[in-house]
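Each chain gets a letter, A, B, C and D, in the order it is written, and its residues are counted from 1.
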């Protein structure tokens, strides 16, 4: 059985998924849709698929699943529409920046069969997956503290920030999901600190570029997230899990790992430049997981509820910063 | 000129200082005092000094300075007493567990010449000193985030915890001082999270064994401290400073640094077992600094005010945990 | 322009190349030939190509190039045959275990256009390529010493060893090629030491399992190669280049790079299990280079002469061991 | 019992030993002798000992042992003289650059009680000692290959080289001793390669600055030594032992181990500047071992025979280079 896919959105991340599809044997890219003709043409020519409109894809008999890689503000509408059309859906995070809209959308999707996966790609990174495995194996004993350091290589333009939903909903949301994924226990409270240090004018957009968040579970497990929108040395992505029996950590990755030594010391190259190279294997594993779930009928993971849960933590973090207090997640949800 | 020293307290840390004195050329151990005769005898025999009472040391003409290495609850009294006696004083942290008592004591000490140094030994660790140097040199640009991971190798006995003042005053206080030392800017707020995960019965002592603290300066710089009373892999002591131009970190130290590889992987030995070995060079550099300040008349650093400041942050952290809110340091001091 | 490829030999390495072809846009797998029907079927089904005989491929109008991935003793014949047929040729190393046969074969190939590339895949490893780049850039100054440590994960069966040509022609030949590739200067002498330590019965096959080789160039640059047929910790592949201005090294690679710490120390996982995973990126880059050379008409590299040169060094190494002396390469060639 | 020491030679290495003595409880520096009055004065003042002539030390009743830290060409004479005087002797390597003179000297020393230790300090380095321990413990199984990379930070002046005995007797001799120490099996053959790459004019002194040596034991174990008189990145001292069950390696050491990251990559500081800092702990452990052997009557190790054995390998290495062949150690001894 070959899964037939339509790609909605032919931008950067859409291109990554198209490449992965071409590498998988059990799946075929049938169609691409994009408001920008050039972007759609590019995918169509490279991978030999048709260019279609959303409407055509909606009613197409030869499309089993859609990949939603369009701008964020279109996600919820597209999910509802293609759920109603009976297609399986892989949607890039987030479902929506507004949690009420997310709730509404998930309700619609649930009515029409629940084949919706959300693109929290980092869960599929082989190094982070190894952390998860160590936890599950019991190698670490009881988890006590998780530390996530996550810094982007550079500040995005103000135009991006203005529509991003803010650092917690746009950037930290990945770390919130990772915390949930690793913990295996409900988070109960969030305490967040944020400032605009890289570019103070970001405060004018009611946003921050530097944040530290501490979260707690019911049993007292602690998660710390350290975020910055800029790291001069590349895309800084580290996770460390400390437990009663031991500690495990995934250090940073770099494309080339030589070490050069001279009179100034020992130097290794900078890290990956950003998520497209750092998480290449993760994107491939993620889509493979989606295809497998579709083929086997296994439940999708992470699903819409995971997407909602991470957004609720983002809400709590924002409230914590604004109110200078620890926010209980039960007050948000 | 040879500085003549009396050692008050011949326990573990007193022995470290006695050894350092024997290695320094410009200083001589004249006397030792300890309530336990065996401990005092041991020092006296090894280093060839006299055993005296506190009273004898107070009035001795051949003693320029005292090292206070006695139990915490005697520190403030001894500082006042030997300040009045005109001796220079090196005192292990903390001055007292009660901040009001610290304030009172510092007032007395200030009246009688201000030659008081507090034993925040980690400032003198060569690796952490290199971090400080990088900050001062401007190599990192503007400091944005400092991350301190500090885990003890094992839970102390309940009897110790009961009189320790609690994790923030006893353990995190070192990290509070390090944050102040590295920042070069006043901290303004503290948000702390704490739980008893290693041994839940520690809650009965009104204490915690696992803590995460986020602090902020006026300009929005963020400091995160991650503490645990137990790490199975040794004494975990790491600091990382992230700035606008770069990042610098001091990784963990181990006594022997070989790497063994076999079918199970590549293994390096555990870390140092605790502070006595991990910070040996720091203790030596610390006492050398005290002697140099004494010889040259340079101001002592860290001094009593530094000791007070770290204790005030500990108070704020405790209040933050109890009140589930961010505490302004201006409300404490 | 699409390059049309026929794959000769559908074994382990043939499968790797077939996968790479499927990932490249400008190339298409047209046919596969293999004496084992199952192997050929497997490739044909997975990649949708035809199964043909060598004869059919030889005369096919729709085949531009062949990949020779058959057993070593067929290489020279196939090269001659497909050179005469006007096909471009990519051949796994070595051309032949007998240097006279190699010479003869290269003579034939040269007559019929010189589009022959030899599969010294390690030249295309991104980490080793970075070493080469550092040398070319002048970052290391004058090269003085190259150290290559190359250990296989486990002893192959005696049946393999019996037909392998021996450790120098089968295993060290990769390191000889790497030395030539990095040096940029003619090697002049070889001094080799070898023993059978892993399995003494390998001496019965007139072979060794452990070897150390030192080579010198005309200007006195030194290359050391350290080989073993077995490393318990995985596939050990390291290169270090020391020059007048600095040193650069490529350390070992592992599939997952987490670090686990507990009471026994800090452990990272074993290395890659063997060349198929360790050099996956290299195989892809190698075939890409072949396709690019074909498309652009650029000279093939490494070519048949490179294959011959590495085999001549292997001859010299063997002579050095047998005669307990340094062998001049001018005496061999 | 306190061991009373006289120091012969108050240069760089003599100062290191004097410092160690001051740190040991069971030993006292009684006298120092040096042709340069300033050097002797310096030691005498710092450590409170007398300045004496060799003659006075020879007949002194209050001297149990002498440390010979004078120029190499005086070692053999001094050993003979102080052996006859009944003193225990610690002598810096080598006994003499001429192996016949070494043999003669050791014969004399043996007649007058055999309390002679040779200063192969690296055996006492804590990291290398851990390698030895792993071998002895059986953790590595059967040893198969030892790799020693040993590079000095910078070329010494021609005046030093002229009297040094050449790279093998002066520098590699440490590695020859380490190989013997780690192996626990007799070396049987040596194959050496050498050139003058750093400074070709060193050939005028009949010496080399860059060398690679491969040695073999009777059972076929292989040792490779890679030497250079100059490494831009500091004092490069690495050892790796590969065995049937695993591999262990001691990587380079540096005084400060922070890592700085910026747009150019991740940089750690250069290595130790030279042996005085790199092997400080080793020098201390070495002298402590000498004192312990003296106190307990245990045999000295490494002793004069160890010194001779390493010099004989140096002879063999030199012969190997000159004759372009593998030299059997049985032909030398």
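Keep this in mind: a contact is a pair of C-beta atoms (placed from the backbone, for glycine too) under 8 Å apart; a residue touches a chain by one contact, two chains touch by 3 or more.
These figures come from a predicted structure and were not determined experimentally.
K.L.:
Go through the assembly and pull out the chains touching subunit C as well as subunit D.
P.N.:
A, B
K.L.:
Can you list every chain that touches subunit A and also touches subunit D?
P.N.:
Common contact partners of subunit A and subunit D, which must touch each of the two, are B, C.
K.L.:
Need the most distant chain from subunit C, centre defined as the mean of C-alpha atoms.
P.N.:
With centres defined by C-alpha atoms, farthest from subunit C sits B.
K.L.:
Cα centroid separation between subunit A and subunit C, in whole Å?
P.N.:
One centre to the other, that is 40 Å.
K.L.:
Could you work out how far the Cα centre of subunit B sits from that of subunit C, in whole Å?
P.N.:
Here the centre of subunit C sits 58 Å away from the centre of subunit B.
K.L.:
Give me the residues of subunit C that touch two or more other chains.
P.N.:
In subunit C, 231-233, 245-247, 261-263, 269 touch at least two other chains.
K.L.:
Which stretch or stretches of subunit D touch subunit B in the complex?
P.N.:
22-23, 25, 46, 126-127, 130-131, 134, 139, 245-251, 253, 255-263, 269
K.L.:
Which residues, counting only subunit B, touch subunit C once they are in their complex?
P.N.:
Residues 231-233, 261-270.
K.L.:
What residues on subunit B touch subunit A, complex-wise?
P.N.:
142, 144-145, 147, 149, 151, 189, 191, 193, 195-198, 210-214, 216, 219-222, 224, 226, 228, 230-233, 236, 242, 244-247, 324-326
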